[in-house]
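Below, chain A partners chain B and then partners chain C, in two separate complexes.
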Partner chain A sequence: MYGGSVMKTEILRLERVTYRRDNTTILNNLSMSMMKGDIMGLQPLETYGLEELLSVLTENPPLYFGYVYYMEQCVNAWNAARHERNRISVIGTRSTLVGDLDILTNVFVLRPGFRQERISEKMLVRQLQPFLDDLGIRLDPKTTVDRLSPYERVLVELLRAVVAGHHLIIFREISSVISEEELKDLHRLLRHYARRGFSFLYISMHFEEIMQVCSSTAIYHDARIDMIIEEDFRGKSLPRSYYQDYYNHVSRRLRRCRPDKEGEEVFSAELLSDDLKGFAFSVREGECLVIQNMETRIYNRLVEVLTRENDVSRVRFAFRGKQEDGIRRRKMAVLREEPGKTMIFEDLSVLDNLCITLDHKLPSIWVRKKARDSVREEYVREFGTDICSRHTMDLTRIERLRLIYMRVWLEKPDVVFLLQPFKGADVEERYQIFKLQEMLLKKGMAVVILAVSMGDSLAIADRVIRLASVRERLDVKEYRYEDFPKLPGYLPWVDVYDENMEKEPVL
Partner chain B sequence: MEKKKSFIGRLMDTKGAGSVLTAFIGLIIIYIAFGILNPKVFSVKNIQNLLRSMSKYLLIGIGQSFVMITGNIDLSIGSVVGMSAMISATLMTRGMNPILAILITIVCGLVVGVVNGFLVGKFKLPPFIATLGTMFVARGVGYIVNGNRNTDNIASGIGKEAGDRFQDIFYYGKFLGVFNTFWIALIIFIIFFFLLSRTRTGRHIYAIGSNVDAARLSGVDVVMTTTKAYLVSAFCSVVVGFVLAAQSGMGNMDAGNMYEMYGVAAGVIGGVSPLGGSGILLGTFAGAGVWQTLENGLNMIHAQVGFQRIVIGVIVVASVLLDVVVRNSNRSFKKKK
Partner chain C sequence: MGDRMGKNQKYLVNRLYLFCALLFLFGVVMIFLAETGIVQGRRAVIPGLFLILALFLAGGYRWLYRPYRMLNEQFSRFADGYISLEEMSRTDVLLSPEMERSLKQLDSMNNATRNLDLSKRQAQYRALQNQINPHFLYNTLEGIRSEALIAGLDNLADMTELLATFFRYTISRNETLVTLEEELDNCYTYFKIQQYRFGSRIHLEVLKDEEEWNTILHCRIPKLTLQPILENSIIHGIELKMGEGTVTIEITRTESRLLIRVRDDGVGMDHRTLEELNARLDSKEEEYRESHSREEGGVALVNVNNRVHLLFGEEYGMHVYSMENTGTTVELSIPAVREQRKP
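Here is the complex of A and B:
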């Protein structure tokens, strides 16, 4: 002890780590360290190298240069590679639990080091109970994991990490699968476990979210840790130098934005299923409506109901006042989360990917080469590059996004549903997604964003509806453009709306 | 805009073109190798027989390829072949006009296709299980239709002249020196090649096999498209049933046994991915050619039947392995980028 302060134990240190694969430098001279009980944020400005960084932390792959220390021991060095895994857990958007097995089996039996051949469930339940009490949650240990809500799944993964004695737990983009309320509760638990000596690395694309829970934030940029922002930094958002172009673009849009869209109402939906009954919304031409769901259960239900084909018992759609099935008639387009991965047809050519939704307008598109060539030219006119001669698999993440949004732009449905459009996107991609969404709006399409986490959706929104379940009833709060400053201050872009409202009246 | 590519360049850019080229090169090598071992392989008569025998595998392969490109499988093919042979032969032995018998048989076969399509597309049954069920049902119908026995000669019902004409059309007749069976298969091949590569349905079939959720959200009617693929498969099987009935002049209850697997082999050797989304019918053509040339060549050099099966089995596994390796290397290449 020095000067009355307690020496903290170092839990993790990366020292000048350079990682190369196939002669390409992926991590370059990266250094960082974490102490016991730290909750450290990590904001990647680009996703390049992030997977590899996690691999370096957990799997100890051969390094080109540098050292990795975990629990004060050198676990990996450039000149003495060890390929054993570190006892570190990664909890992300995808479950690492076995869905068909119960909580008990996932937490205890599947743990490396569980040696018992004969399983005494009673004893395991008794062992698990103190951990559940500590978490303050009620879960039946014999519940199958598939039946858990996304938040419960996250808690069970946390529980498994704690039971397994993993001193460092990494959370990756967790806000895209759990709601704001659940996120607050998770943050409470992280602080609780941090006090008990566990350390957390909290990876998120949103600085505002990181700042709610982390004591310091590392900015990952250009294959290294660019800077560390400590807790006493009072800014609510990421230093603007990192996203100046994006910020300027959004600000310009806000200045141009009309508070009330006056276009024709192009789409309305009335939910009829029990748990969403009474909820109805409509959108106008060129309007962007964000529906934020305060519970993942509501989000999942809403997505299920809205994206089903012709399910008249649970939802009623009207397009320009006329009731009909949207998806099949291509009056409505849906882009799932991470569309660059989930909406691409990897086996089709780039041009086929662009044209696939045009055959209702141009039935002969697959026979007429001219028609396909004009689509190709349209793409080049819009983005300045020709990607059609390349294989779909070779496209970059940005090109994939452009391809998917361009497909919708060409299809020109009345309404486009975007499911968590900013999920997993780094700053450059978010900027691109923002511009692509603007492109759809300019063409007169209505855009409805369904989200659990607000992310950057507020930057493009004209109207926001927040849905929560209060005492088994659906609570609907609508915020018009001029009400945005009333939204919670921790949401990304609220401060920009604040500034805009103060500086100049909205045109 | 980039410089326009040549026809060959564009063809080689098509996904799966590499596998097709490999299959065609393999076909030529195998053919020449067997020809060196036994020069009779190059005889006109052998080539005629080779093309005729290959036609059955080509037809079966076309059907199975359609289904495989949607990411599914059709195990009922062999049974539909048998059912088709039995129904058409039974009807003809009972004196029904051959054209009417053919039409009724086609309808029966297509019913199996519709059932398969709905079970897989609408009710989301695993295709292996759904078509396993219809495989047994179709075989059962084939047995029942003539009271659990093979039929008599079809000429006994419709007369010698009509019987001979039926057999000539589907098996023994020739046009331009090539057996009609090949011409029938070729016409069907051209029609379905066009359907798969130049029509909306074709693109939807690829889209479903590539990413079924994205296809549904893009407005593709998954149930209808899946059903269409199974209908093509059922239709091709029915035609093969006619070929087998014409070949033997009667309905055999065990006709078409194991043909579904021959279809898988023809498709897979020709580069149709069993994981769905990729493959072209030209490859299936080459695959059927490889299969039949191997069988024919091994027969010509008097190889044991067991040895023939081993060789064919190894080739099928190697083809699938190649597909998996290519997909994985593409994926890691993409990651690297």
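Here is the complex of A and C:
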């Protein structure tokens, strides 16, 4: 020790970490470090090895080479593995709380190291109160976790980590479960706790989001950290060399495809349920409408109402002017969040997965092999590769996405609802999703994107509706294409609209 | 006796002999029991025999298979260039005594080659130093400076003075470790010399942790650590860039480490080049380094990293981060020491 000044503490250091599993190198020569009180961003350009990186950070698995230091102590090394868990919390899109138990039990009693045999609830409530006051939130400690909103769940997980004294807390893609307003509030809390010595690793697929809160950003590419971009060192967006093709493609679309305002209105919806009453929207042929919900509660209600079959008491649908139930008549398709995981039938073949919704168009599809073969050829024509001879489980993430979007493309409904289509997608996947959405629009389908986080939706949008709740009333703001530059500057792609709005469209 | 037994068990081949002998003994006992009919009518014997067999298999897994896998991984690490021959021969288990002897022989041959190469380089360096004759060099530079001053060429005079200061630090001082302050001064000198060439195109910033700065300046680091990194940033980063560029040196001290980051906002490098450079920095293959370093860039970084590894161990060293058209950051981690350490 030298002198009496406060020394910086290195909270985390990964030194040339190489991690192998089943003789395959997953993490390769990865180095990074974080100081106490840092809020560091991590942007994965692809998700390969990300799970393993989190496992290396939290679980200390045997390393092929390298060293891991936590709080300046070597906790894992290639030649001396300890295999004890590090006191690091990961807060992600899925809850790690026990749903049936109340906040108090989750925060205190389930904590490793809680040794009291007789639990005094009163005392625990008293102990929790200062933490709640510190967070600036009002929560009844006896509320069951299942009854919490997604944002409250995130706050309770944060509280649990703080109470447990975890010095490093990792947030993983949190913007896909909480709204923009809630995210701003969470950022405020992160800054508050960072000042008190907690460190945060903030993993997000969007550089613009990371920039709002982080002091530095690690660019994760090919299972390595390529670059640490410091706050004073970075431009407005992620260096374009990493997504040049995607950027060029979007720019070309922005210049070429101005929304066709004269197209026929194919779908309209009028919400009748109490909390969404008065909200109505319509969408035209080949138009992409993005409905961004500033609160997760509104998003959940909207998804529930719009995707439920035959719920005439809460919503009224009209297709090309006629009122009818779209789902039953297959005039409406819904792609759930992360469709590559949630909408593929693993036990069916790839071709069966492609044809599964075609029975109303081609009733003999399951009898006529020729019809199925032509579907297979159609896929090859669109994407250039034949995946039908492979097993469903062997498909890559991008092939899975293509399979699902192709299924909808073949079905050709009037309107397609996409629920958070960019959730969990890395740069390459986002580019593919963008192209797949373009494919649907070119076929004349109307696309409605429902999201809490704008993500890359703005790149494909022709119109944006932002929904917020102001004093218990629904506040609806609509942005037409020419108004996009007026959207908040931190949203991804707004700067590209800014640039392109000046230029003449290329016809 | 126990020690000798333990030493014998270091070799997998001995363990295998012992395991086979015990297995053979077990087989003989089994046959004997079956032949004599002792087991007939005694139900407890059969589960007992199965238990002994299970113990054999568990022992085989623990004493043979697991160490074999560990040894295999160690060989794989060596083949991939992660560990040196010396580290590899330091394992708890080896295949046979002959293998141990061979490894030692290989290591000593390798050391002999390395020592030979080192002494050759040292001799070349000394010869160069003698040829240069520092006093003659400094006197000459001083002479040029005086002539320049008389002729009114102030820039030339300053440049000559800077060059003399730079050489005085680089050639004449023989310490292994110097203070960070001295190393930073040398960086400023080098930077000023480069500024005569680049003009206002290059900038240097040193980010200071005001509270710790005084302590940081007195920390000891290997001599000529910072200047080669700075040179690398200017030559490979800023020089190739259109317009102005900045090199930022950031030094942070933690309880145990001194972290030095030299970043430039130059041209950066692509993902593949970065991967190769970091692999070269961490590779233990001396020959690989030698054959590649002459042809490719980054020699200075590899040399600095080698010296840090030799002085402080494998836990410390250098890592490069870079991104095309954004810049490069070289991060050096060394222990925070104030006293002179002998290598």
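General observations
Note that the second predicted complex is superposed on the first by the 493 of 507 C-alpha atoms of A that agree within 3 Å, B and C clash if a C-alpha of one lies under 4 Å from a C-alpha of the other, contacts with A are read in each partner's own complex, and residues count from 1 in each chain.
Assume a residue touches a chain if its C-beta (ideal position, glycine included) is under 8 Å from a C-beta of that chain, and two chains touch if they have at least 3 such contacts.
Model, not experiment: these values are computed from the prediction.
When the two complexes are overlaid on their common chain A, residue A:Glu478 makes contact with neither chain B nor chain C. When the two structures are aligned on the shared chain, A:Met35 is found in touch with chain C, with no touch to chain B. Of the two partner chains, chain C is the only one that A:Met227 touches; chain B does not reach it. Those residues of chain A lying in contact with chain C across their complex are 1-3, 5-10, 13, 15-16, 18, 28-29, 31, 33, 35, 64-65, 67, 72, 74, 78, 219, 221-222, 224-230, 233, 239, 241-242. For chain A in complex with chain B, the residues that touch the partner chain are 21-22, 24, 307, 309, 327-330, 333-336, 342-349, 352, 355-357, 359-360, 363, 365-367, 377, 380, 386, 389, 391, 393-394, 396, 407. Contact residues of chain C toward chain A in the complex are 73, 77, 82-83, 209, 211-212, 214-215, 218, 248, 252-257, 259, 263, 265, 268, 271, 274-275, 278-279, 282, 315, 317, 319, 321-327, 329, 331, 333, 338. Of all residues in chain B, those touching chain A in their complex are 1-2, 5, 13-15, 198-200, 202-203, 206-207, 209-211, 213-221, 273, 276-278, 330-331, 333-334, 336-337.
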